[in-house]
Structures are given as structure tokens and as C-alpha cells.
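Alright, structures below, take your time with them.
The two complexes that follow have chain A in common; it is paired with chain B in the first and with chain C in the second.
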Partner chain A sequence: MADLSGDNRHLSGERSRGQVMLIAGFVLAVSFLAVAVMLNAVIYSENLATRGEDARGSEAIAYKADIVDGSGQLLEYANDNETTFVDRTAAFNRTLRSMYNDTARIQAVGGIATDLSVRSVSEGTRVAQQDPTRNFTNATGSEQWVVTEDTAGTRAFQISVTDQSALANSAGNAFTVTVSNGTDDWAVSIYGNSTNTTVAVNGSGACTVGPTPSIDVTGGSINGKTCEPLVFASGVAGDYDIKFEEADAIVGTVSLVANTTDYNPDNYDSSSPRVASVMYSATLSLRHESADHVYATDVRVAPGETDA
Partner chain B sequence: MRDDRGVSMALGYVLGLSIAFLLVAGLFVAGGNFVQEQRETGVRTEMAVISEQIASDIESADRLAQATDNGTSVVQRSLPSRISGSSYTINVKGGSNPRLVLRTRDPAVTVTAQFSNTTAVTPTETPGGPIQVTYAGGKLVLERRDQ
Partner chain C sequence: MVTTRAQAHTLEAVVAALLLLTSVVFALQITAVTPLSASTSNQHIENQQQASAAGALSMAHESGTLKESLLYWNGSSDRFHGATPNGYYTRTMPTAFGETLERSFGDRGIAYNVNLIYATDGGGIGREELIYRGVPSDNAVVATRTVVLTDDDQIRRANTTEGARVNETGFYAPDVGDGGYYNTIRVEVVVWRI
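Presenting the complex of A and B:
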């Protein structure tokens, strides 16, 4: 029988037997070690799989939304607190810069570089009748008048009814806002009795609410609740005129910002209704960048605008 | 009298050695197969993870591109350039059935990952490693990034 374990028959074989097994054992041990190393890499990449989105794309989109919200408020603040278009634009640029400086520091702590600049500001017209005891006629008392002409967009169109008894009882002689581009029309009428107010959109239904409502015409809501038929300037493409009809059949306040500088100054005076040259919208250029992503885009800021 | 009388010394050694080699060869074959199988499983698992990561990068870049107006978006990721010692390729297939095909040659493993996109994706094939998904000219492009 072959002797692998070695015995004492040969003096030289006492220490030199079993090399084959030894070497084989080493080779197998090394290959199993390689498996262990490889499994380690697998465990690492499976661990990577459990992590969330690394590139922080959602942070970039959240940052953009925050900037749109913040700069929208700054735009309204500048419109409210300055008197000329130039001053308003300057105030907007100045406040936006300081808002950016503060947010950039917070973002930088999280390893994100940001950049924000104003590309353009478009001039618009704000029309406001802020006397709650007056109707919506123009400065000369005419009940049918054109508010703005060649309007490319309208935002923040708010009507607040303060005197329920001034409203017409039926649609026939109700206060109506008409939007017309010459071929297509869109109109909303407001009428009611002592308990109900009806906001009727021509051709697409009506919403009925309680007395003295606040109507967000461009936002499509009444007293903060969505009114589905109320979609401003729906079906009217291109530039349009905004008209008030039967403007003596409503008492309250109205304000809107129109993307135009065309209007008849005879309709306005220094008290009510007033007109002012304001910023309609601003286009900003923003950049959000980390080691893993770059996101640069233009954003348009027009608070209270739907898509009209 | 010795019990190995009549058996030559040489025959004894040959028998002993051949048994030892058979045993060792058997161990090598079994061990080698085991290692190879584990390696293939490991490569497949790693590639599945990597392909899902790339797919999530493409979808992330797609979301950014959708939220971009007159801008750019880039999503970068550092991936290993070798998986268990073998290099691999990333093949992006766009069109109606957008998917990623990752392939290694040795061992030959192919892994496919689906993704969904709104922005069109340019079909490309790049070697694995640090990659970036860039939005340019209305299309998403997956390309290798220099580091």
C-alpha cells in the first residue's frame, strides 16, 4: 500500500512527504479567499442599492420651486411698496439679491453651489379699485368700459363683493367681465340675491356661494374654494381686451395685473379706479450644482397667474 | 517477512501519487467551479445594482430636463470600472422600450434594466466607469466622464 503519511522507513521522507496535499490546500485556500473578497464587493454594491437617489435631483427641483415662491413674493412686495416701474424693478433686484445671499449660504452648507440672476422683467399694468363702498365704473362713471387692451396675460385678478344688495338679481343685467380677442369671447357674470351669489361662466356652468364672496378670477376659486367652471380666458388665444359691463351692478374692490401697457388713461384717475405701471413677471436664471449634478434653468415668476 | 514482499517500491509510489493527484484534481475542479459560479453570481448581482443605479440617474436627469427651460442638466455618478475584475459595457437603448443592457465578457453575463422617460434618450454604448447623463439638444445622453 502506498504510504502518504510517511513512516520511518526512509530517513529522508520523514519531513518531506505530503507536499502535494499541502500545495493543493494552499491553492484552494487562496481561491476561496478570492471568493471572500469578491463577496465583499457584492455586499458593498448591494448596500449601495439600498441608498436613495444620490444625485439630489429632487433637491434641485425643490430649490427652483422655493425660488419661484420667494421671488414671487418679492415681486409683489416691490410692486406694492414702490411707485414707478423703474423703482419697482430696482427694489426687486435688490431684495432678490439679499434673499439669494441668504439661501446660498444654507445651500453651501449642504455642499451645493447655487447661482441666481434676473434675466428680464416684463412691464405690466395693475388696475385697482380699492374703495369698498364704490362700484366698478370707470373714472367718468361709465358702466361699460375697457380695462386693458392687447393683454398678453392676466394674473392676481381678485374681486371682492362688499355690498350684496348692489348685485343684479339675474344674469341679464349682471356685472360681467368679458375677455375678447376679437373672434373668441370668454365672460363671467356675478349676480345674486340676499342669500346666494352666483358666479356664472358663459358657456361652462356656474358656482353658487353665500353673500359677499371673494373671487379669485385667475386662480379659479371663490372664498378659497375651487370653482371648476372658472378658468380665466379659456378658449381665448392671443392678446385680448378685458371689458367690464354693467359695472354699476357691483360694489366692492377689484384688482388685477395685466401683461400690457395699453389702456385708455381717461378711464382712470388718482383715486378709483387707479392704474399703475408694475412688474407683470420676471424671468430668472438659476443654477443648482453639487458634485453629482448640475441643474440650470430659466424660471418665470408671475404670482397668481394660471396660464392665461 | 515484510508484507510488501513481491510488490515493487516503484509501483507503490505510482499508486500513491496517482491517488493523491486524483484527489487533488477533484478538489481543484470542484473548488474552481464553485469559485466561478460564485463569481458569476457576484457579477450578476453587482451589475443588477449598477444597472438600476444608472436607470435611476437617467430618470433623475429626465425629471430635471422636464423642469428645465432654456437650461442644462447633468447627473453624474461614479461607478466602478471593473466588476469582479472584468470590465463591462453599458448599452442604452431608447425608443419605445427604453432599457439598459450591461454586459461583461468574462464571465459572459448580460443584465437588462428598464427605465421610463419622457425626454428622448440617445442610444449609446459606453464602457463602464464614472458616467454622466447630460441633457443636450432636447435629448438625454449617457456618456463616460473623465475624472
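Presenting the complex of A and C:
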């Protein structure tokens, strides 16, 4: 404070006290500014940390899933509607190109550039018995037969039971699918009475459902509901053979696509069961690009595969 | 002389006080209204709504109910089953996907639109509104998924059972594809607080 005593001896001291106050004011002002700037930086980094969609990464992942799903449908469509492997591959390539053209245009609405191409297609074998009044024996009527050999993978394995009375009553003589690589086995049996059907997986339990079920063997579900023990070829590593046993103890339809071209043609004829050379899987190269990110990857399309 | 000095000191004190005050005011002003400040434009809420919409879409896509809803088309009256004469629904739609959206957003004061974007002949883009609840606010967020249709896909009857194949009916999206490919539909879910 200014000295009001009128004593001139303290003149220099008083003057410096005023300067100290002024300097202190400046120091305080600068430190407030520093605090404000720091606070702002903290809030800004907190803001950045809570923003999840900076580079739209999840959009790229969703795009990948959508493309896998869509190409899977086109692959199955080509498999169903063409007759040879070459024709099927050509049809798949053609429809995929057509789909890509549209997807690219639609994605461009959201400011996304995309690219999609087929890198490779692998040949497989489709086995189908589509006569709902027939059992699952081979073309010569044998009830124990090898469906495919040296199989590297299986997808879209569907069994549909149409005649409940044809099923065995117990596990002993039930229809069984066996997957074996020579050392390890995996097996699933289907049996039942007039009210229940049991789908028993060797060594890991069973699921019991009503009569005439539809079983998605590779998808692990029965009538659309998950069956926990049903995990196809679990514990069987490497290439395996798929065998049907007691194939006269079931009536209905069965179809599967195996990643192999090895099978005994004597087991099949032109009616039931039939065999066809189809696309097992396709590998696509895709790219998803915006101003913020570039995402490029190879994806494998194998609709209905256990791990897919 | 003494009086002058006292005045000078008083002035200095006032200046210092003003300086302090202005720096406090400046410090308060420089702190921006952040996205975390409580308001309807709260970025945090937008992120959450976006994630919810993406989740609902993914779930519907995985279970096949998204596709079922896209195909829930009444070919003879040229609009979705039970929709308003404008072609869209104004509340929700009577499919599993509609229920999912209603459960996720309906009773939480959150409005949503569902738009469908598809390719048209000649390289254009067409739009169809599936659910329309009004013009979204500035704070709306969007989640999208893409669904591919093949010639084998069937439109759904009012009870969601499968009806005629999609290329044999007056479906809203045309058959632009080569071979078995039909069209691609981008589903946009726009979500905002009301």
C-alpha cells in the first residue's frame, strides 16, 4: 500500500513495493493463461480419446463382412445354376464383377472408394441326395460307404430327416457320419422314436429334438437352434475321410460340399446320390478407402463352413 | 508529492486488479464448450447411438432378419406390407428387424429413419424409405450395412413366409445384375435424439 505518512525517507522503498505488485499481477496473469491453455489441451485429448469413429474403421470391417456374405450367395448361386466347374467359376466371376460395380457406386455415396477382385477359387465336391423318400445308401445300395476322401474341409453339410419311422431306436444300429484321418475319429449318430430324435456326438454329448429335424452339421444347429456338442470334425486334424454307416437307417435329404476332388465314382450315379464338381471356396482381395483410412485385405468365402 | 504517490499506487493497484480480472475472464472464455459438456450434441451420446445402431444392424444382418425386412414387399400395392400410402412406415415395421430397432431406440426418446439405397439401370442410384420419422436433427448419426440380393431371393408375404422370386415381381429395386446377381441394397439407419 502507498505510504500516506509523508515521510520522504521511504520514498525508494514505497516505489519498489508498487512495482512488486505490478509484477506480481503480471505473473499471476501469465500463470492463469498457462493454466487455461493446459486445461484446454487436457479436455481436447480427452475428447479425442472418447471419439471412436475417427478413421471409420468399423465401417471397413462391416464392408468386409457384407462382401463375404454377398459373394457367398453368388458362389452358391453359381454352384446351383451351372453344370461344370469351369462354368461355375466363370459365372461367379461375372456376377461378382457386376455386384462390385454396384457396390462401388453405392459406397461412393458415403465417400468411400472400394476395389474387389477374385484371387483364387478352389475346387470341391458337392454330394447330394435330394430324394426325400430315399435313404442315404450309395448308388449300389451299400449302407456303409466313403463319401469323400482326403477332405481338407467341409461346408454346408445339411441333413433333413423326412421319415421318422426309418430311424433306428438306439445308438447301436443308428445312422452315423464318421470323420476320420486314420488316427483320430469324430462321429455323429442320429436315432429316435416317434416323438424324439437324438443327435449324439461321439464323446461329447447329445441333443434331443422333436421328430423329422433339419440338422446343419457344419453349422452346429438343429432346426435353427444351436446344438452345443455338435462341432463338426472337432479333434480331427489334417485331411480326413467322411463315411456314412448304417445309411439305410435314415430317410431324407443330405447335401454337403467337401474341399476335395477325391471320391469313388462308383458310389454315385445320375440320380441319387449325386456328385458334382463345384467351387468350395473363393479368395477375394478387397480394398476400402476413405480420406481417413485405407483398408485392404484378402478374405476367404466359404458359406456354411464351421469356422466361417 | 505524497498525494501524487498515493494516487499512483492506487492506480497501480487498480490496474493490477483489472489485469487479474481480465486474465480470469480470458481463462474462462478460452475453455471451449467441449463435446463432453452436457447437451444434446454431446459427442459421447452420439458415439453410443452410432454403436447401438451399428449393433442392431449387425445383429439383424447375422440372423437374416435384415434381408427379410428388405424383402417385406407387397408387389401388388407397390409398397411394404402395411406401410402408409407413401410407401414407408412411420412408427416401426412388423418384422424382427423392426422389433430390434424399436427395442433399441423406441422407448428411449430416440427417433430413427431407415433408408434403402440401391443401384438402378444406367448407373444411377435409387432411394427408398423403409421407416421415415421425419427430418433428422443436426446431431443425427448413421450406421450402414450392405445386402446383396440374388435372383433366388424371394419377397416375403405379410406373414413373413417366402413368396414369389424377387425378379418376377414389381420389387422396388430393379434387376441390374448379370446372371444370378440381382442388386445391392445399402441399408442406412439414421438415429437422433428427440
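Throughout what follows, the second predicted complex is superposed on the first by the 255 of 308 C-alpha atoms of A that agree within 3 Å, B and C clash if a C-alpha of one lies under 4 Å from a C-alpha of the other, contacts with A are read in each partner's own complex, and residues count from 1 in each chain.
As a working rule, contacts are C-beta pairs under 8 Å (C-beta built on N, C-alpha and C of every residue); 3 or more make two chains touch, one makes a residue touch a chain.
Only a predicted model underlies this, so the values are computations on that prediction, with no experimental measurement involved.
Between chain B and chain C, C touches the greater number of residues of chain A.
Contacts of A:225 after superposition on the shared chain: neither chain B nor chain C is touched. When the two complexes are overlaid on their common chain A, residue A:57 makes contact with chain B while staying clear of chain C. When both complexes are overlaid on chain A, the residue A:298 reaches chain B alone and has no touch with chain C. After overlaying the two complexes on the shared chain, residue contacts for A:102 are found with chain C alone; chain B is out of touch. Residue contacts after overlaying the shared chain place A:42 against chain B, while chain C stays out of touching range.
When both complexes are overlaid on chain A, the residue A:91 reaches chain C alone and has no touch with chain B.
Looking at chain A, you'll find residues 1-4, 21, 24, 28, 32, 35, 39, 46, 53, 58 touch chain B in one structure and chain C in the other.
If you check the complex, the residues on chain B that touch chain A are 4, 12-13, 15-17, 19-21, 24, 27-28, 31-32, 34-35, 38-39, 41-42, 45-46, 49-50, 52-53, 56-57, 60-61, 63-64, 67-77, 80, 83-84. Against chain B, the residues of chain A that register as touching in their complex are 1-4, 20-21, 24, 27-28, 31-32, 34-35, 38-39, 41-42, 45-46, 48-49, 53-55, 57-58, 60-61, 64, 285, 291-300. Residue ranges of chain C in contact with chain A, taken from their complex: 1-2, 5-6, 8-10, 12-13, 15-17, 19-20, 22-24, 26-28, 30-32, 34-36, 43-44, 47, 50-51, 54, 58, 61, 117-119, 123, 125, 144-148, 150-152, 176-181, 183-184, 186.
Per the touch definition, chain A reaches chain C in the complex via residues 1-4, 6, 8, 11, 14-15, 17-18, 21-22, 24-26, 28-29, 32-33, 35-37, 39-40, 43-44, 46-47, 50-53, 58-59, 62-63, 65-67, 69-71, 73-74, 77-78, 80-81, 91, 94-99, 101-103, 105-107, 109-110.
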